[in-house]
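Each of the two complexes below includes chain A, the first together with chain B, the second together with chain C.
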Partner chain A sequence: MQFKRHTLPNGLEVIAECDPSALSLALGFFVQTGARDETPAEAGVSHFLEHMVFKGTARRTAEDVNREFDELGAHYNAFTSEENTVYYASLLPEHQAESIDLLADIMRPSLRTEDFDMEKKVILEEIEMYLDQPPYGMDDHLKRLCFGAHPIANSVLGTAESVAALTSDAMRSYFQRRYAPGNLVLAASGRVDFDAMVEQAEAACGAWDRGDASRPLAPTSVTPSRESIVHSSATQQYALLLGNAPDGVSEDRYAAKLLATILGDDSGSRLYWRLIDPGHAESASLGHYDYQGVGMYYTWLAGEPDDLEENLAAVEEVLASIPTEPPTADELSQAKSKIKSRVVLGSERPRSRLFHLGGGWQMRGDYRSLEEELKRLDAVTIDDLMRVAAEHPLDRNAVVTVGPREDLVL
Partner chain B sequence: MSLTPPDAPTPREACVHRLANGLTLIGEPADGFQSAAFSLMIPAGCRYDAADQLGLANLTCEMALRGAGDRDSRALVSDLDALGVERGESVGLSHTSLGASTLAENLPAALAIYADIVRRPHLPEDQLEAGRQVCLQELRGVEDEPSQKLMEELRRRHYGDPYGRASSGNIAAVESLQIRDVRQFQHKRYAPDSAILAVAGAFDWDAMVEDVERLFGDWVNNEAPSKTVETPGAGDGHVTYDSSQAHIGIAFPSVPYSHADYFQAWGANGVLSSGMSSRLFTEVREKRGLCYTVYASLQTQKDRAAVFCYAGTTAERAQETLDVTHSELVRLADGVTAEELGRLKARMKSGLILQQESTHARAGVLARDWRHLGHIRSLAEVNKLVDAVTADTINDYLQRNPPSDFTIVTLGPQPLTRPN
Partner chain C sequence: MQFKRHTLPNGLEVIAECDPSALSLALGFFVQTGARDETPAEAGVSHFLEHMVFKGTARRTAEDVNREFDELGAHYNAFTSEENTVYYASLLPEHQAESIDLLADIMRPSLRTEDFDMEKKVILEEIEMYLDQPPYGMDDHLKRLCFGAHPIANSVLGTAESVAALTSDAMRSYFQRRYAPGNLVLAASGRVDFDAMVEQAEAACGAWDRGDASRPLAPTSVTPSRESIVHSSATQQYALLLGNAPDGVSEDRYAAKLLATILGDDSGSRLYWRLIDPGHAESASLGHYDYQGVGMYYTWLAGEPDDLEENLAAVEEVLASIPTEPPTADELSQAKSKIKSRVVLGSERPRSRLFHLGGGWQMRGDYRSLEEELKRLDAVTIDDLMRVAAEHPLDRNAVVTVGPREDLVL
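Up next, the complex of A and B:
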């Protein structure tokens, strides 16, 4: 496993984790842009643009793009988050050159107005689809409640209204602002020929104009508050809890992941024994999510409507339990085993390594091997957990419930 | 850096060891992994649930993990966690499948725990209510997932009983189940006869055979499975549901994995739905913007198979979506082109390689091959079969088996009109 890096004169970073014994190759463009980089009038544009990137370029029609990916035998997709937009493909190493040419070409899409109008319908369908699956949609509301006007609370999908109001001109101007080469990383993992990759990147991206895309990192503050939203056709009652956590650059993120595993992993955690094993709730879990300058503890609870108060009280007790019931040595070592095993299992696929590589680079501008990550995880002590839980209390949350209950008083 | 050709790794070979009691061990040791995974299939599927006990196999699986051998419920989960076992259980029509992936050095210890789970579960009466609640929560959860609810209804209406069953059963039956039902089911159906244990990744085959003989060699069969009584499906239908989208499901018969025509049916379905240049994606989503999700999936049981097709769209455009999707299924009978098939084969070949990179995926394929075919297809063998598929062979199959006998089920605010 060897890390390699090359920067093009226009600022595009080319990085790779080369493993000559891998069977496949994963590669992708990581664009440092997402919902947090949108103005209110642009709400949903990053994700909409992700769809439009597949709609053709100066050299290719939309049908050419889809057909060529399929001809390469690529298993490919894209996703948009609060702060990243990622286009990736897994395929056989012999197709490295063609796939870089294709991926690079779509990073300079035509953004034709008639395609924009057609794709808008698909995006609106995607929004409708989530509205039918409670509590989706409420996670956006919860982020706003928790982080106020901070851009990290911007919705990735946008709303039906904001997407309907978007114009292709607005998208083009957002694209100009955010897809500058210095804001992109071309990353690859698996069986990569890096020297060839650099040449291929020069040929495909060398002519892109340098540009400047920065992201201001405003400080966050969390407002613990509670709201209940009626969704009368829902069968289950849901509660979502969101609070502040160590961010993606902080060395405390390892402790935060371990705390989330001890308290809220979907098996064998404190929430599991309290709520899932006895059958009190359908699901109850806690995850740690990290971003640039922001971290979140996100707790999810689903169960019978009548049990909401009791279940929510149990969840909040568990979230508050670290200071009074410190993690035991067994809990800590089990959490470490679980994370280590997941990391190792994932690392056997070049695609998981690609996300680790590209994601880490975008977040921190550095490379840490999985072995190094695991070493840092292993070094975390119970004292570290106690300190991190004191600095970022897990029980200071914004809470939203969604479901058929109309009489809930939180 | 120079690259050796991508087919350089030594071809892996599957080994088979049959125990006297019926359990078959399949193993495919492979270099270059730090992990190993297994899939243990036992003949305890939901087809054996009596009509008034639907959900029993599922509840039994849930209860089996609540303590086994010399571990109580908590010790069992804690020990699996300490071994870093990523686990998953699912109850299918014929089998209950227990899967585990972990670091290679922890595999033997994990397997010993699973031997306890299937052979010596405590099935504690004082945890029956908890286990029952877990199963009821699962049933209620589906009510908030309209696409899943629709596809379960489509399977029921297309296949009838028991082949179209969802293993979760129904609320009334699950509420009525007693601990003796669970214990009886476990006693009869958690048995080595036709059980399969498939292992992939970093492990030593000879040591595995020894371990498995020791852990499972004296496992006995208590009772032969009951005969299946079949009732046909109810056909087309509509489920009224308060949602903003309409959900459309269409099913039609196909051929199972073991059938000589399977790869022709697979190819035809791939042209319909594999990749973003496939017909459904192009016609329904790209050209018309009718929906976000549309797919057709060829799902095989041992002796029957069907294509299940789904599209979700806003209520106003539901009729058009149904009509366009249906007409694409019908148009398939006119044949596929060599270009369409060429793209599909490229995806299939890379898909086969990607699958080799996951011990979990590979263990699942080994178990499936053994169950459906009674032997394991090597990568070379599958490649040969795929190579033999041409547009002509698919079109010949489609002439003999044009998509027809559709079952159409919708879920949403309003029923739709069946296309001609």
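Up next, the complex of A and C:
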């Protein structure tokens, strides 16, 4: 594996993790834009725009885009998060040139008003489906409750109201602002010909107008509160808990992920043995999510409505357990084993390496090899876990429950 | 990649595709047994037994089995098909010894009657769910229609009746007959220490009683017929078509897969451009399935109930199109590109290589490297496609439709 980088004169960065022994190639444009970069009036535009990017360019119709990806035998897709919009393809190395030309072309979409109007229906249906499924939009609601008007609480999908009110002009203006070359990274991993990649990027993107986009990083932290929402058609009662955690730049993120695994991995953790193995709850798990300047512990509980109080009390006991019951050496080594095995098994496809490469670059502006990641993880001690748990206590959470219970007092 | 093999004195074969540059290891027991090896009274026993294998051994409770896999950070699972039952785990190479010990131990399960009675309920629910989802069991029905009493038509799940009537004694007798060492292969791929693997297999499986199991391979071929089944609660009308194709040992399987891709890949094939792109049907695709001594082309169509006749006629026209509209050079090269890219992208994880390795070994008793597979595929010419389509015409199918239409006459 060799890391390489180059910056085009217009600011577009080209980075790659080259592995000559790989059999395939994964390529993608990482746009440093997502829900947190939207104004309230634009809520949902990043995700909506992601759909529109596949609807044709000056040189290609939407059908051409689909057909050409298909003819390359490429597996391609895109996703939008709070912080990134990513367009990627996995394919045979022999198609590197064609795939860069195609991916670069769709980064300059036509954004035609007819397509916008059609696609708006698809997005509104997606929002409806999201609200129909557990936790019925309550994860977005919880974030708003915790972080108030801070943009990290913005919903990736937006709301039915914000999307309905969005105009194609507003999308074009967001696009101009956020898809400038200085805000994009073209990343590749696997069997990459990097010199050719730079030339291909220059040919396909060199003429894009220079431009940058910034992201203000105002500090924020969780305001604990408790709320119970009635959703009569639900058959289970859900509880969502959100608390402060190390952010995505902090070196304490390794300890945070180990703590989350020890307490709340969905198999073989303290929550698992307390609630799942004995059959008290359907699911109970804890994850660590990290963003620029913000980190979150997110706990999820689902079970019989009548068991909510007892199960939630058990969850909160487990989350509060670290100071009095420090992680054992066995817990730490099993958690390391699990995370390492997940990282290693996940890293065997160039596509997963690509997400790691581009995501890390946009989050921290650095490259960390797999070996280095594993070394940092391995170096975490029980003392580190205790210190990180003291700095970001796991039991100071905002709590929202949702389900059929009308009598619930938290 | 280096292929290695060794046979233990009791007949158990140990095979591996060793890749010292891999970061992980995939390991599995391949049992040459499945639905086609069941008597009518045993229908469903292979799949039921697969569940029972995780319910504990002389040395481990079911909880121990789960906990130990979890502590190894292993991703593990099992599946049952018409021809194989496979138990596998992906994990870090440092846990090779422990994982072989654990996988080998569960290959000698306790099969306790209490666990059998409990698990029977789970299996019956699985059958109910299967019958509740499109195509409502009609794929099993179609195979029975096509192949009559030939065991290749046996359902992997069995029927609610056969499973309900199954006794734990019958399962134990099936287990004795089919899980003899001579009918098992221990396979590994990725970063394997093969010498250690042979020693570990000897320690864990060396004491298993010698034994073999055979599988009669009576020839069969599809009897074309047409049938329409009413399923009033369905919102779409489905059609399933089944025809003869090259079997899993035939060198013509490469051509068969290319023909299936040209005619019926779910993106950018003749069926796609005829039915999906213009919005006539929800889905229309064709696959090639190969077994020992039997091959099948399986076509699937779903759409508005009222459009069935027209859509089915279009499907049958496409399936009949090869003799008069031979594949073009573009179609062949795009189909090769798609299959190669799928094979290559799929092969980057040791787990996928494991399935290829163990499956190929049990199907044909040989090992074919990825490079060799790609070479064979690349060598297929338009003449080959024409010859294979002449030997196994794609338009001699049995057809079953299922959906709300009561007036349908095929």
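The definition used in the following text is that the second predicted complex is superposed on the first by the 409 of 410 C-alpha atoms of A that agree within 3 Å, B and C clash if a C-alpha of one lies under 4 Å from a C-alpha of the other, contacts with A are read in each partner's own complex, and residues count from 1 in each chain.
As a convention for this text, contacts are C-beta pairs under 8 Å (C-beta built on N, C-alpha and C of every residue); 3 or more make two chains touch, one makes a residue touch a chain.
What you see is a predicted model; the values in this text were computed from it and never measured.
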In the superposed model on chain A, is it clash or fit for chain B and chain C?
-> clash
A:D209 contacts which: chain B (first), chain C (second), both, neither?
-> neither
Given the touch rule stated above, what does A:F194 touch, chain B (first), chain C (second), both, or neither?
-> first
Would you check which partner chain A:K121 touches, where first means chain B only, second means chain C only, and both and neither mean what they say?
-> first
Identify the partner contact of A:P20: answer first if only chain B is touched, second if only chain C is, both if each is, neither if none is.
-> first
What's your read, chain B or chain C touching more residues of chain A?
-> B
Does the superposition put A:A62 against chain B (first), chain C (second), both, or neither?
-> first
Is A:P134 in contact with chain B, with chain C, with both, or with neither (first, second, both, neither)?
-> first
Answer with first, second, both or neither: which of chain B and chain C does A:E406 touch in the superposed model?
-> neither
Is A:A281 contacted by the first partner chain B, the second partner chain C, both or neither?
-> first
Which of chain B and chain C A:D366 touches, first, second, both or neither | neither
Overlap the chain B and chain C contact sets on chain A and report the shared residues.
-> 21-24, 63, 66-67, 70-75, 90-92, 267-268, 277, 334, 337-338, 340-342, 344-345, 348-350
How about chain C: which of its residues touch chain A in the complex?
-> 21-24, 63, 66-67, 70-75, 90-92, 95, 267-268, 277, 334, 337-342, 344-345, 347-350, 370
Chain B contact footprint on chain A (complex, rising order) = 18, 20-24, 54, 62-63, 66-67, 69-75, 90-94, 118-126, 128-129, 131-134, 191, 193-195, 233-236, 267-268, 272-273, 276-283, 302-304, 330, 333-334, 337-338, 340-342, 344-345, 348-350
Can you list the residues on chain B that touch chain A in the complex?
-> 1, 3, 6, 9, 32-35, 73-74, 77-78, 80-87, 101-103, 106, 129-134, 136-138, 140-141, 143-146, 242-245, 275-278, 281-282, 285-293, 312-314, 342-344, 346-351, 353-354, 356-360
